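Next come two complexes built around chain A: one with chain B, the other with chain C.
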Partner chain A sequence: MSDLAIGAAPRRPFVARHPSVLIFLALLALFTLGVTILAEGFGIGVISTSFVKTLGKTLCLCLVALAMDLVWGYTGILSLGHMAFFGLGGYAIGMWLMYARTELIVIESLSAAPLPPTPDEIRDGIANQIFGVVGASELPPIWAVAHSLPLQLAAVVLVPGLLALVFGWLAFRSRVTGVYLSILTQAMTLGLALWLFQNDSGLRGNNGLSGLQNLPGLGGVPQSTVSMWFFWGSALALGLGYVLCAWVVSGKFGSVIRAIRDDEARVRFLGYPVEAFKLFIFTLSAVIAGIAGALYYPQAGIINPAEVAPIASIYLAVWVAIGGRGRLYGAVIGAALVSLLSTWFTGGQAPDLDLGFYRIQWVDWWTVLLGLSFVAVTLFAPKGIGGLIDLITERRPPDRHGADLGPEPGALREQEADAK
Partner chain B sequence: MILRAVLGLAMLVVATVAAPGLRAQAPEAPIQHLLQEHGEIIAKSSRRTIGPAIEALATSGLPEAQVVLERWQAKEMWFHEETGLFVFAEEVDRSTIKIFDIADGSEIGDVPDDDYKQLKPNSGIRGLIGGALVQFQLSDPNPRNRMRALNAIERRPEAGHLAALRGAMEGEDNPAIAARKARLERLLTMEFDESEEARIAAIEGFAGDLGVDVRAVLNRMVATRRGAAAEAPEGADIARLLTPGSEDLSLADAYGLLVSAELAAPRISRDAKRAALVANIENGSVAGIEVATLGSEGARDLAYAALAEAGVVEPVATEAQVAEALEAHVFFERYVAAPPGVAQAAQVALGAIELRLGLNEAADLALDALSLASIYFLAAIGLAITFGVMRVINMAHGEFIMMGAYTGYVVQLFVSDYTLSILIALPLAFLVTFGAGVAMERLVIRWLYHRPLETLLATFGISIALQQLAKNIFGTQARPLTAPGWLDGSLVFNDVVSISYIRIAIFVLALLFLALFLFVMNRTRLGLEVRAVTQNPRMAASMGINPDRINMLTFGFGSGIAGIAGVAIGLYAKVTSEMGQDYIVQSFMTVVVGGVGNIWGTLLGASLVGLLQKGIEWMNPSNTLAAQTYMILFIILFIQFRPRGIIALKGRAAEA
Partner chain C sequence: MSTLLEVSGVSVSFDGFKAINNLSFQIGERELRAVIGPNGAGKTTFMDIVTGKTRPDEGRVTWGEKAQSLLSMSESAIARAGVGRKFQRPTVFEDQTVADNLMMALKKARGPFAVLRFKPSAADHDRVAELAEEIGLTPALARKAGELSHGQKQWLEIGMLLAQEPRLLLVDEPAAGMTPAEREHTTDLLVEAAKTRSVVVVEHDMEFVRRLGCKVTVLHEGAVLAEGSIDHVTKDERVIEVYLGR
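Right after this comes the complex of A and B.
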């Protein structure tokens, strides 16, 4: 808000206005360096390859949480469908990984035949390998460009981007807001998941795409090295994504989208094209989510339609809310903390809690705890974990003498802004 | 006749000479005589050749024929290996059998089984024997056997059954069986009668009949075979002409017809071509073309053509020749199962039946849609209160449905009488979820009024916690909630239109809830206060209404209805911890599509969603997942055009 007030004063450099960006980047670099030294691939091998993958995946989840924060925390659109974009990015890259690797296998097996293989034979062989499991033997049309890495990389950005653009245009144009929009986005991701679940969708139904951890043509490179490459890639993407998001939410543009969050009608009356702003943020965040997905699934190794089910997107909202929405580092903290804790608890590593009359096994009870702590955060700490940072920096909210920050239902209220 | 007599005499001589030690077996008995005539094929016991023997027995008119067929089928018939005479036999011990005369069944005595061989008809032959036995069973004094015979005929009708059936129609005293016999007789007449007029008359007699049996017979009768010829064929048996490349006949199939009619040279598959090339590799090349260059279909075609020229392989048609051949011939379908006149009559009758069938299927679909709509309505009506009236987004609504269903399950664990247990479960489920709703409102929701997004998230937290809790308590597998016996079965209108009683019960329940909702909201003090509080809480408070209490009760009421809906849905689907999730998105859709805050809107929304889903499923019946996808797509688009739903509140009420 202070940006508006000092609009006339000479602008200080971006980094100076947002010291948190530098701090975040420094911490991220330190973390990456630490993991590199400790991991098997290039360092002393204290951290196992599978844990490096978990950390790399967590970085991707942080990136998609950033996107969610952008769209929800800053613009006030509670999208319950962002994991759909994340999954679409994963499917886009997964198609190439699977196709290219199968192609190598098929060519190798055909090279033993007396005649050199024709392109048709190779194509049929690939289709049989990939789709034998769903009882088809032809490549569906959506695999038309699966052989080309650049085109599938473009799809990572374009498919989620276009879906978000069309969906957002339809939704914002007809002024669907608030909870209605949330339900609509949830319906979108449910529809997508149901579509992917069919065998006719051409993406192997509920089998999903698998074997994505193996890079085509790099069979000789050990997974410990590949995992480090993806870890670095994820860290780089997170760093760039953080800077991009920080840049988007700073300055005049950032002020407008926060104003939309607090009182959409008032911004519209001031002459801003609210729909265009929302659509831009929605599409941008979908693209970021798609890129995060494209980095996540090669580390996970498998993608199936359950990954885009509505529940996944709601967990995304849970992370951002627990971390603290409306601040970028909050989203990152929430995603990292909750997803790592989830892995720890559901992985069966957490020690059972003996209450004397009942033994709590965290594999069963973690979700209950998560759900309840989420309720608690919503009720008692709307600012999430990020609110703790305010205690250190002693950031003071503006005093509005008890008035609401916006008249619309769902706008921040004075008590909330004051709550520490 | 003379021949037969001579043969019989010869047998007699052979028998008496070959088996001197055995008491005379009356080989002159007509039944033995008949069996001996077919003795060779009976002893051979092969399904392909046995036909005439069974036929002869069945049509012989001999009184013993039925017994012989039955015991043959039961593997109780043996024959003497030298004389070939047939006897009935029972095994006494491992090496001895007790034999009986085949004509009158009288006991002959125990003999060692070395000379005798058992007839062991395989299942195929036993089936044929069964078919032949049908005519005897049709007049069996036991009605159950007659029914069984009718079933057997219906399963595999044959021309021979017609005469037997006609013979057995008179003297039938059981009206139900008489009706079935008459119907079956018409069906068989339609398919097998020798006179075309009689067949056509039978076909016309079935006009508009929806029975599956009639359709099956008619479909068999209009069976066609495809053919190809150079000239358009004349004749009444041509069902229709086909165009190659159309939906009914692909180009490849059309060419296949030409090849099989030997009107064109065969084409070669890619695999066969490759095999031919591989077989002719000499010194790393095929017909002078290097193997390494054969990495494309074009190069392989050239190599194959070179081979054909050298006379090593058969020449095959080129694409141009294929196109030319397709152009030069006509393709048609020919009636093969019935004479053309009959087939055409059958086709006409089938067309008329299919039209009526379509109408009836539409009616059935409408019933299905109605019952689906009432399920959605039941699931959504609680939401219509909490979301529609109070504007509280309760994502745990689906879990309240689940709690209701599990309440029913637990009640059934203790009360084994299903009717009683459902009667207990309904109010108990209301109480349980009412309590849960009130607790949730007091503890969570009341702090979050006017912050719908936060409400959504907090209730979602509760939803995942409740779901996991149910999983921890009841396990992950589905639990049964059994409907009372009087709800089993379905109301059948005809072969096409039917609806199960459970669905009717759910429909009635939905109507009851609609009435209850309307009564509570419009006719009671509580409803008045609820409407006052939702419109203007401060004004309502100053009129002496306690808004906190009203909110609590309203939320409890909506949640309680969800619990009862859970019992109803549990009867119809399985009870799992995730069952609420299946309905929550659809329920919100229903409320939003219908228009928030209006119960009639919810009703319309449920009808629309149910109809739509069934309609899409009907267009693509193999795929309910796709149906749901398209339905969601439709709803997203629908909301574009009517963002406030079908029935939009206007004026002040819309701003509440």
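Right after this comes the complex of A and C.
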């Protein structure tokens, strides 16, 4: 072991070298504890169950924002299709939730019959229940393993992962970069949405999958409790995801992907297979997005093809930009803040703004405000909200006389760089 | 002296313009060679072909004892085979420290999984410190490369190339934009590097080439015009006409 060589610098543990990870985990634990105490499920009931679900969903959005930051902020690949992977994760878990619950309902309704139902009868009953709404009564082949929780859980990881692997391999191998890659990823998520919209795709067309908040076999457990389980699960996933991402972007791997972001050609001449690195990050982030989606949709209760429409992925990029790309906590801050504000503004709670000649109703005007703040952040505060942290830690960027950090379209702009 | 790189009969044209025209060129193991020529002579295109950035229309480029063809290899595979390249403009990773830049360049496994598992050993840290010493950047190890002066960036890039431990080093105009003192240091670095590997320096500064004191190849219109010692080529009538006589 070369680590044992004489004069080896003492190697401190990972979290000690990256205090921001420790701070993040502490804040997340504190937040989780606070919500647990205040919620109905196990606490004093100040926070409603629906708000717990909103918070739990927000944690999932933070996790997918981390994946986006990995791809865009660190590797410079502006993917505008990552919500496709998020949606696929949701569909994968939704299929099992819907199938297993319908199975219980069908078995119960058939148990009144004089003869015990055959497996075929049960299967037909389930197919009728689920697909009656789209006028079909056959279980499509895509549902072949929907009865099995382990297999559908595997699909949560494998389906987004494989799609990303194949798509990324084709795109990166052809050296598609910059805006063309962004357009290609938009086309991917649009294609997926259009396919899902069809009734004969086998996933109930525009009805999507519903009733996902009900866990099969746990009908007696109140939603206030279930919501807490998912909240904890989401918090745990976010914590683990954060540590994983922090580990990936630290050390030499982090050096290489940031180098790819700033000057891809130079990295090639160093001997690194750039395409393999991009493919690794793209696939890893798709898997993280899939897991985030699988935790999100049982809390949302419903998933339909509109969830993977191109606009969803653009919002994801906006969150990361507003939070500050190229820093993990920036992605989390951006996703949490913008999605919670969005819930508030579009939920009708925000008071209307009376200008005398016009009344601004936020339900309609929120997206305009979001768009304006995105433009403002890009122009005036490229480091995003995360840049405020630099004021505390007093990181100063090196003076580059206005030059960006590299020739790539995804390279950090001078204003975004910090001296970390 | 065995041949390390052999380019034979290579031609490439861009939109009808012949950038390289039936070029043949050989370099031996541990040889220092200067390539000179007026603008548009094909010096940079020649480097692009060897490093895999440009595919020639015809000809062969072979490498090493086994005369392996470089033409079917990707840029990164050629770099791993042992061809290092320094660009005209210093290209270092400005957002990262000098130490990170050097560590990234150290000769190690380059695949994503190997890099993910990589932990720098004491020997690696020592090697980085040694390289920093060699290029005179020890005090700047913890600074971001973007903060360095132009000359320091050039050295850092040379240091990164040495860290790669290439068998052949292609250096494009290393002295451009340097002060006289910096030029001298750069000459020393290149002469020193050529003791353990082959080095090809592309330059059009005659004085700098003279100080290198090595065999010179003169390119003109994409082909070799003359080859030999600096005194030999500067006496050549055709060289004087196309290059020096102006």
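Quick notes on this one:
Here is the rule we go by: the second predicted complex is superposed on the first by the 391 of 420 C-alpha atoms of A that agree within 3 Å, B and C clash if a C-alpha of one lies under 4 Å from a C-alpha of the other, contacts with A are read in each partner's own complex, and residues count from 1 in each chain.
As a working rule, a contact is a pair of C-beta atoms (placed from the backbone, for glycine too) under 8 Å apart; a residue touches a chain by one contact, two chains touch by 3 or more.
Keep in mind that this is a model prediction, so the values were computed, not measured.
When the two complexes are overlaid on their common chain A, residue A:Gln198 makes contact with chain B while staying clear of chain C. Once the two complexes are laid over each other on the shared chain, residue contacts for A:Cys62 go to neither chain B nor chain C. Contacts of A:Val368 after superposition on the shared chain: chain B is touched, whereas chain C is not. By the document's definition of touching, of the two partners only chain C reaches A:Ala259; chain B does not.
Once the two complexes are laid over each other on the shared chain, residue contacts for A:Gly178 go to chain B alone; chain C is not touched. Touch criterion met: A:Gly271 reaches chain C, while chain B stays clear of it.
If you count the residues of chain A touched by chain B and by chain C, you find the higher number for B. In the superposition on chain A, A:Val338 makes contact with neither chain B nor chain C. Taken together, the two structures place no residue of chain A in contact with chain B in one case and with chain C in the other. Taken together, the chain A residues at the contact with chain B in this complex read 78, 114-121, 167, 170-171, 173-176, 178-180, 182-184, 186-188, 190-192, 194-195, 197-198, 200, 310-311, 314, 317-318, 321, 364-365, 367-375, 378-379, 382, 409-410, 413.
Interface residues of chain B facing chain A in the complex, by the touch rule stated above, are 270, 274, 277-278, 281, 291-297, 300, 393, 444, 447-448, 450-454, 456-458, 460-469, 471-472, 581, 585, 588-589, 592, 623, 625-626, 628-629, 632-633, 635-637, 639-641, 643. Across the interface of their complex, chain A is touched by residues 51, 53, 74-77, 79-80, 84-85, 87, 91, 93-96, 100, 103-105, 110-113, 115-116, 118-126, 144, 146-147, 160, 164 of chain C.
By the touch criterion stated above, chain A contacts chain C in their complex at residues 2-3, 5-9, 11, 248, 251-253, 255-256, 258-259, 262-263, 265-266, 268-274, 276-277, 280, 398-400, 405-406, 412, 417, 419.
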